[in-house]
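The structure appears right after this line, and notes come after that.
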Amino acid sequence: MTNYFGIDFMAVILIICIGLYTLVMAKNLIRMLIGFELMTKGVTLAFISAGNANGRIALSQSLVITMIVVEVVSIATALAIVMLIQHKKNSLNVRSLTNLKG
Amino acid sequence: MLLGFVFVPLLGAAIMPFVRKIWAKGSTYLSVVVSTFLVVTTGWIAYHNILTQNSLTLEQWIFGQSIALKVDGLSLVILAAIGLVSLVTAIYSAGYSFHPDSRPGFNALLLLIVTGMNGLVMATDLFTLYVFLEIVSIAAYILISYQTDEYGLEGSFKYMMLSAVATTFLLLGTALLFAVTGSVSLTDLAIGVKSGNLMVQLGFAFVMFAFLVKAGMIPFHAWLPDAYTAAPAPVSILLAGIVTKVGGVYTLMRVILGVFGFSKSFSAMLLFIGAVSAVFGAFLALGQKDFKRMLAFSSISQIGYIFMGFATGSPLGLIGATFHFFNHAVFKSLLFLNAGAVEQATGTRKFDELGGLASRMPITGTTSVIGILSTAGIPPLAGFWSKLIIIIALWQTGYHLYAMIAVFASVVSLAYLLTLQHSVFFGKIKEGLEGTQEVAPVFYWPAVIMASVTIACGIFFPIIIDKLILPVNSLFGLLVK
Amino acid sequence: MSILLLLILIPALYGILLLVYPSKVKSFWEVISVVISAYLIFLVLNIWGQPQNVIIPWAGFGMDFQLRFYQFSQFIVTAITVFVFLGTLYSTRFMLDHPHNNQFYGFLFLTEAMAIGAALANNLVIMLFFWEALLITLFTMINLGKEKAFKTAVKAFVISSLGDLCLMLGIGITEALAKTLVMTDIHLETTGLGAVAFVFMLIGAMAKAGAMPFHSWIPDAAEDAPLPFAAILPTVISQLLGIYLLARIVLDFFTLSLEMRLLVMSIGAITILFGVMMALIQNDFKRLLSYSAISQVGYMLLGIGTGIPIAVAGGLLHMLNHAMFKSCLFFTGGSLEKQTGSTDLNKLGGLWKKLPVTFGCFAVAAAAASGIPPFNGFVSNQMIFEGTLQSGYRIFFVVAILGALFTTAVFLKLGHATFFGTNQPESEQSREAHWTMLTPPIILALGCIFFGVCYAFPLDYLIKPSLSDSLREGLALIHFAFRFDQLLWFTLFTLAIAFINHIIGVKLDGRGLGAVEHIRKAPLLNTVYDLAERRTFDPYVQGKVVGRYAALGLFGVDRGINWIYQEFVPTVATFVGKARRFHNGLYANYLSWSLGGFVLLVAYYIWFF
Amino acid sequence: MELHISILVFLFIIPAILAAICRDLLRSVIALLFCSLGLTFLLFNLNAPLAGVFELSVGAGLISVLFINAISLTRPLSAEENLARRKDHYRRFIGLPFIIIIIAALLWFNQQQIFGNLIFKKTAENATIGQILWGLRGLDLIGQIVILLVGVYGIVVLFKRGRSND
């Protein structure tokens, strides 16, 4: 079994960079959530390639399953909150979320 | 026994919809009963273990090795704080003007967040820590936006998105450590990380970052004032009192004590961050015009203290940090209770519109004085002792400059807290507030409870140190590095 | 639970209960109070003569919660409980109309708890804790009095806290020297630092007992505070504790050098003379009594300071006797105040027919105070005289005798002005007091007689067991009795002079009140008196004057601090206000901070790697 | 083999970049779906079939549905707003591909220094996922139950309140 950890991990770093870039630059709240989702996918890959590298693939799979469930709930909650923001402010622009400051 | 800490609140939350059908008001009583149970059980464990054996460490496996729970001195102190703060929150929320339909939901989420925190405190495994941290965080997002007003949603969203980055990095760090050591349980990790290669360093940095964001240290703090300010009053009590502290401070302590140990570079870094937070948090608080927002910045400053004490790595420092953790949970929730009461009575939190409330709201005024004095570290209240221990620990371990910075930050704290007291409670009563009356008993009794806990901890501090905080010391046996 | 803990906890908890009681208390609670204070006496008597210790680990570093019940502390504790009982009984009537009498009772019981704690403590820190707590109750209780009471309370607080501060310092030094805080283990010499520690602790004890120059709050407090307070706190409980501590310091903790003995004795002598001279010219019943109390403290200091068995025993006996007759006198004063509405001697007169029982008690107590046989004051006075003679310093004997002379004169004047002479219009309508207000003075007056006639009883059962072995042996040799020796004749002669002096005075002035005017107007003395009336000798007043100059000196410093508040803080706040703008609410901004911090964090760790 | 996995990685990264850059949210979500598919293939390739299936059904399926649902429920933009935002959007995201390429190049050329001397603690594992999940990670399962409860209660409550406010 070849060790793919290096190349996989490079992919992880890249995708997390994409996610962070999106979070910083995006104006639309939903796009920010997409960025967050991208980062989660990167982490999934990191876990599995780590499990593949050290031979504990079963453990890493069980961790990933739990993680996916948790992330689904958090993304669902986040979407709910985003939709409520849209409902209240009639806008999805993150730049308009500046009521709290100082 | 320990499983009860997770299952009792979980069951309470699960039966909440049925309780609501049978008895409309039952939900509040249920959460009060459950959190009282938690306080009593914690007290019983502490008492029992002190009587029977000198160590406080309790471990429990259920279903073979399936569920592993562990409680030691540090966790026990935190468990006590969780129970206490959730109890006062439950009582306070009984009077808070929720929409009648959403009250059971609030109580269910309160119990679930308590479940999450209890599980977090007893977890023996980095990944389980993550799972429960997420439970706590998601419940917190929902609770902050509970009134679905603009502010709540905004604060909740900012908190959520910054936390999302933090959790991502927590998972990434966990994955790295897992890759190197082949396990995620804290004991195995502790053995595995001794090799100390680049991956371990990176993993450590990632995990640290995650917890520093969760704890709200400068410069990772920006979500904290927004979330605290925007949350409904009962939620901000819970949030400021315990949630973010368990999520960031306790987890960091646990990981350092359990896995990484203290190294020179780590101590220097955490001391620096702690000192920056303590000083700048205090200065930022000085310029605030909003009751809750000032308290939020004060919270940042106080956590800076906890981290400074912890970073010394000496037993005394750890004792101070743990004690200050507990005290902070008590006096900060007390102050947020008062903020909630003031907002309830006057409808505003702006300093410009408040003034002279002490004559109209004597109980709130008195308890706030106690909270403020304890926060500022005035003897003989509890806050004084813990700050003193931290400063002594800093001095003893040779960080003289940091000890002086801590004293300086304490002076600034006193300045902003006196400003707060002066502009809200003392002085002449502001126009339009003449008709203000003391809030209902359900709002001030929690404050009275917390104030008496503060006083009692201050007066009986030797006993508490001896019986409750000193067992933390036994943790140091586990420290190798 | 140990009875010793109960002794502290019961009054403390009951006191707190009364304090949180929302309104003034009625007869039910008063009865409960009396019963509880009586129960406490019963508790002490229950374990009488059974020495016991309580040790509860507390703060570490040698600061354990240690109580020790033994011969000396048992007799102090008993005295405290008895006097509090009498005070409570007396207050049931006296304080009935006071709007905050729940606070009065509450603080009274707290005082009792703290006083018992201080007397039982076997650890200096624990004792200090109770001692400081007494300071608080002192302040609050004085504060319950008349309008001027707040000023007096502040004065009392400042003076006592100065003393306590010294005590604290002394305890600190003692701990450093003796390496322990357990009172039974401390044995030091008064050389070098030991002398400093001794002097500081001495100051602490004297400030509590009210000796010169820490006396000046007592007369004011007696005038302004509620009378039962004056009757049992400064003159009885504080004095018992102060002298108890003094005796412990002088006899147990330190082995005194001659200089230190002379110091204690000199302070005692000065206090005697000053107190009684001031008492001589007072025109207020309560002020007069409190000055007299100050002078009596001098006797105790003098007696204990000599270190001669008979004088030490006399000093301790005098402490007990003085507590009895002085609180009896205060109680009669209280009855007068309640019945006639005044304690100003100008407005009293010829009352013996109207208040016969009160007069009887007064007469007994005053006779005891003057040292007239066969009352108790006589016995202890005689013992102290004997001791001063044996010490070899005749000057102290002279002072003591002079003190006795003037004391007699004072009480003759007081009795004459109050109960004899012409009726004043203000006190025409007065009647005998309520029985609850008569019982305590009657009990005390009977006690005065009993202790005077059967003087062997207190000596054998209370005083002798309290003393260390060497002193007790010294005492065993002296079989005290009414020996018709020079000393007795001398005393009687002195008393006679006092009577003659009184008669001359009355002849000269025409009224009882003016019986000592000729002394007041004596050539040299009148200047001293004028100065004293202008409060030249009051360290508090002088301290305030000095303070004013010091304040001028500190003005510059004050400006500096003011500058910090007026200029510096707003500048900082403006600066912070600028910093607040960084929190502009933009999420991207916040995330960039965090990521910047993250990059630094990772860079730091890779750097260290 | 090296080439094979590189292609899979590209299949993972390129949709991710697209998901960030696409101006239309719907297209972004579809790109996300493709990213998820790429991840699934990667997982299969790494001997993690169960995680792959889970990712495919939940990560690709459920989350995409949730996103599409949310997008359709929010208000679509008008034509002018669309035009105004287009330029702004591309101006902000034009840097992303370049940054990614630079980071990728940096990582690629320093591969040896970063990943070259990694030592993994190889552990032989003979338990199945089921055994591990039920036998060792029971607390995680409890956590899952709790978090699902939190999600259910939270979303129900939030939406009930959100509606009743009108």
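The first chain written gets the first letter, and so on, giving A, B, C and D; residue counts start at 1 in each chain.
One rule holds in what follows: a residue touches a chain if its C-beta (ideal position, glycine included) is under 8 Å from a C-beta of that chain, and two chains touch if they have at least 3 such contacts.
Just so it is clear, the structure is predicted and the values come from calculations on it, not from any experiment.
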More C-beta pairs touching across which pair, B-C or A-B? A-B
Please name the chain that ends up farthest from subunit B once chain centres are defined by their CA atoms averaged. C
Chain-centre distance (mean CA atoms) for subunit B and subunit C, in whole Å, is 48
Separation of the C-alpha centres, subunit A versus subunit B, in whole Å, is 27
Counting in whole Å, what is the centre-to-centre distance of subunit A and subunit C, each centre being its mean C-alpha position? 74
Once you find the CA centre of subunit A and the CA centre of subunit D, what distance in Å lies between them? 6
Among all residues of subunit A, those touching at least two other chains are 5, 19-20, 23, 25, 49, 51, 53-56, 59-60, 63, 66, 70, 73, 77, 81-82, 84, 97, 99-100, 102
So which stretches of subunit C touch two or more other chains? 580, 583, 585, 587, 591, 595
What parts of subunit B, by residue number, touch at least two of the other chains? 127, 131, 134, 138, 141-142, 145, 148, 157-158, 161, 165, 179-183, 198, 225-226, 288
Please classify the inter-chain touch graph. Allowed labels: line, ring, star, complete, other. other
Every chain pair meeting the contact rule: A-B, A-C, A-D, B-C, B-D
Spell out the part of subunit D that touches subunit B in their complex, as residue ranges. 114, 117-123, 134-140, 142-147, 149-151, 153-154, 156-158, 160-162, 164-165
What residues on subunit B touch subunit D, complex-wise? 6, 10, 13-14, 16, 62-69, 99, 101-102, 105-106, 108-109, 112-113, 115-116, 119, 123, 125, 127-128, 131-132, 134-135, 138-139, 141-142, 145-148, 179-183, 192, 195, 197-199
Taking the complex as given, what residues does subunit B use to touch subunit A? 127, 130-131, 134, 137-138, 141-142, 145, 148-151, 153-158, 160-161, 164-165, 168, 171-172, 174-176, 178-184, 225-226, 229-230, 288-290, 293
Across the complex, what residues on subunit A touch subunit B? 5, 12, 16, 19-20, 23, 29, 32, 36, 39-40, 42-43, 46-47, 49-51, 53-56, 59-60, 63, 66-67, 70, 73-74, 77-78, 81-82, 84-85, 88-89, 97, 99-100, 102
Which residues of subunit C touch subunit A once you look at their complex with the stated criterion? 580-581, 583-588, 591-592, 595
